[in-house]
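Two complexes come next, and they have one chain in common, chain A, joined by chain B in the first and chain C in the second.
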Partner chain A sequence: MKTEGKKKIWSEYQKEIADDHFFYVRSCIRQSFFPGSEQFFLHFMRNVLEKDVYENPSHTTCTGIGYHGDIVPLSTIMTVVARHFALMKEAGYKNIAISCVTSFGIYTEIIETWKHYPEELKKTREYLFKATGREFDIPENMAHTSDIIYKFRNEIAAKAKNLLVNKKTGEPLNVIEHIGCHYSKMFPKYGVGGAEFPNVLGGMIEAWGGRVVDYPERRHCCGFGFRQYLVQANRGYSLSNSVKKFNSMKPYKPDLILTNCPGCNMFMDKWQYTMKEMDGTVYGDNGESIPVLTYEELAGLVMGYNPWDLGVQYHMVQSEPLLRKIGIDYEPDNKFKTKDGRQMPVPKNLINV
Partner chain B sequence: MEGRIVIVGAGTAGMEAAGQLARSGFLVTLIEKETTTGGHVKNWYHLFPDRRDSSEVISYLDARINHENITLLTGKTVDRIENNHGSFLVSTNDGSDIKADAIVLSTGFDLFRSERKEEYGYGIYDNVITSADLEKMFRKGEIKKHNEETPEKIGIVHCVGSRDEKVGNLYCSKLCCVTAVKQAMEIKEYISNAKVFCFYMDMRMGGAHYEELYRESQEKYGINYIRGKVSEVSENINNKLVIKVEDTLAGRPLKMELDMLVLMAGMEMSDGAENIAESAGLTIGENHFFSPVDNHFGSNKGNMEGIFYAGTCTAPMNITETISHARSSVLEVIGYMNKDVR
Partner chain C sequence: MENFGFTLLKERHIDFDANDRSIAGYISDHEPSFRLCIECGCCSATCTTGNFTPFSLRELLILLKRGENDKVREEIRKCMLCGKCTLVCPRGVNTRNVVMLAREAFRKQMNYAV
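Up next is the complex of A and B:
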């Protein structure tokens, strides 16, 4: 495999990522499933890099899951997104930072639709004005928050207390990266590195000492696929898609799966639990399952934050094997304690414990 | 007959036109951007449909331009063409200005850069090669994988960069299907136990003897033809290529391991010709090639009096068609010079 060929592709997909002054839009589900991720992003941007990141409590879901589940019409989701842009305009921001890949895909799809069908933009302006009296501008710069972490990946590397290296062997960790279908498959120009050989997560992994695994089903869906899961009768498709990926990555003995999208993280994490429960199958090395982390959680680990503060314990697949490989100290007894020391309920059936 | 003709491009069309015009008495300046003449033909080993050695065509063309009326300038590109009431000034990259009474553009084509079909991984996966790369292997006399092993299972992808809205080329490059058939047969001749699979959208075997070649490839060589486009290529831990393709006749997706994948790169207007078109105000067609004034009766005529087209600068053509088109361009030039409409 020639890395030079990949670099050539990456050079053609270097999107402009704003440096400061972001209007931040959260994900519906990330705060529940990976509660430390968005928190770390805001902390890193505001307190470490001293950037201006503003969030408006009036912003809502983008309705992307409803849209992909065929219950929210296109005109409605366009108006919801337009309302977010109106809040951004009112706050005086021009750069939007989007936490969720589904939302990011929605925003890119809508902006491209408006570009190609200006009559839809006109209609959306009318709907929003009639409904709320608000007006909006299209953002000058649109980034997924992984783009922003990618942009500052070398700053993180410079502050690294832990590298993605097996402390015992000195070998780089084998890291699977999964960018999520809606990050750049629809519009490659919006993704760092494009769609076929994306580099947004790969760039972080390499900057932090790891080795990116290029496995045959790298591009395949994580298994969410919206209707594969949202329609209950289809859930077998969801699981079989994830299993296809797990089987494909297994020979490479991955140490970690790094995800971009909340849905991908959830499914690649929880379907590993399901497979272990169903027939005892695990996909990692040494009889363990593969930890699945968000890029913010990984950035936090690299920078030496306490794993429990980052919320890595809230995945089904527990990260202790990874922490041991990297050589990160952790206090098992504090895993499910609040910051003031109260014991929280301990989830059952966690794997890799 | 008298007059000064500049021909831009010394591939098949340019060399044929130069030979004919020189023999008709014109003083011909033949300009070629490469250091050698012959265009793409010299990079091919055997030609379809009769498997003629391409060196025979090159020898024929070399003989055509071996004439005292022809001045050959190699390693030079045309920067600009100026028309002053029918008298042309052709400026080259070395600062020379060449006067001409008429110009024949035979700028040919560029092979589609297969890296642009990113999903196929050309330039990334070691054993993804193009039809041109395979010809080099034929010329060398061996087909080897990157690790010097002999491939046993080989895929051929048709329509790479052709009939493809994603890359902006809606047209058919016309020669890739027959090239695939020819190359598949040649692979079997080099590696008798090889399994060869051609992945096609439609088999467009429109030329003389093409259909017969297609039949022979199936009956005598056992080439497998699967109707469906390859959607993506990756590599597994054993360094085998893994392809995904939709078998549209069976109506189901297909996943296959291969040792080597050959991409049938299509034809595109050459970069140099685009510059010439821009500087001279020549019309470009929907297919991005030069657009002649009339597809039926003026396929050699440019939209500017005194500028003529020969060969694949107007559309994909095979060698037979290219030579015929070059010859008809000569007739148009002679007619133009005789009428003295300048």
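Up next is the complex of A and C:
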């Protein structure tokens, strides 16, 4: 087989990911629901790879949920994002690392809007200056944090203490990779592999010894859809999307779902709980539900960190079946204890316990 | 069962592989103009039956193409074969003959008199 042409085509689907000196912006959902994920990312970048990652305490929400929920106007969100860029400029950074896929989509949409409609950029500069006296530059390099983990996936593999392999059978684990729609479906050039061949999570799974499951609804939306869940009566739309995916992946006996979007993670996790409560349906093998992890949590498990330090217990679907498959030792009694040994409240109705 | 205030919605997925599209195939073979239909709805707009009942020829043609024959079978008998739809069709589809052929196909292939 001739591969030269294919390599050339594939090279066009790559994006440039900066190597060092990142201005880090957090995700509302990720830092609230999976706090260990962002902690791991910062620890890995700063202490393991010894990279420069700066976080500004004045950084705010991007207001993406309000924007997609038709509450925040475009001119407002553009000014909020411009303020983030102003904080970055003031701190002397040119590479932005974004933790949230919704925010990532917002940043890409706004930068592309400014490119195509320079008058909007001019207006935003004016609004920001009038409101705060700040000025900003557009980042030179924009990466989602999953891009950065993808870039350093082989470094993680080199330090791996646990591979994504079933310890008993020696078979690679079946891993579902779910990439958030706003990562590369809107502006493909900003994603690794574009919209057609997004490889940001698949690359990690393969580097860490797992097997990527290719199932019919692989690129279907997770069901998050902001307007679909803001009103309680509408949440059936969101749930139905997720169930369509779950039904499609079920025959492949997935061991794990890996996401790069915090919203996808939350919904694919919590809707499994909902379906179990509604009518007892589970989508994993052996009557269990499928653990849904972030790429930071999975990278941490691969590198041998304590699962409770990574916060895997803060999902509704508990990860013990996965930990047992990989052969990770864990201390059940310490699951909901603080680092100094105090007992925290134990959430009710967890599944896979 | 826990009540969350919302429920799972009925699947509206149309599975072209699972549906039986043989009736549509029969019509296309015998009345090739059937393929020209763009579902504009002129036929329904001028339909006498459609004016007094919920009957819609446009909907029937879409359902036939999708192979959702159960719904068509019940509805298609309402057509009085007046042929006004054929006169107004901007694509020149012989819609009257389409209805005749659909009935014929149901009778021949499914032994179902329409």
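In the analysis below, the second predicted complex is superposed on the first by the 342 of 353 C-alpha atoms of A that agree within 3 Å, B and C clash if a C-alpha of one lies under 4 Å from a C-alpha of the other, contacts with A are read in each partner's own complex, and residues count from 1 in each chain.
Basically, a residue touches a chain if its C-beta (ideal position, glycine included) is under 8 Å from a C-beta of that chain, and two chains touch if they have at least 3 such contacts.
This is a predicted model, so every value here is computed, not measured.
By the document's definition of touching, neither partner reaches A:35: not chain B, not chain C. In the superposed pair of complexes, A:8 makes contact with chain B only, with no contact to chain C.
In the superposition on chain A, A:327 contacts neither chain B nor chain C. Shared-chain residue A:234: touches chain C; no touch with chain B.
By the touch criterion stated above, A:304 is placed in contact with neither chain B nor chain C.
When both complexes are overlaid on chain A, the residue A:118 reaches neither chain B nor chain C. Partner contacting the larger number of chain A residues, of chain B and chain C: B.
When both complexes are overlaid on chain A, the residue A:73 reaches neither chain B nor chain C.
Once the two complexes are overlaid on the shared chain, A:243 sits against chain C while remaining clear of chain B. Residue ranges on chain A touching chain C, taken from their complex, read 232-237, 239-240, 243-244, 274-275, 277-279.
Interface of chain C with chain A (complex): residues 1-2, 4-9, 11, 13.
Across the interface of their complex, chain A is touched by residues 115, 118-119, 121-126, 232, 234-237, 242 of chain B.
Remark: chain A residues 1-2, 4-6, 8-9, 194-197, 214-219, 248, 251-252 touch chain B in the complex.
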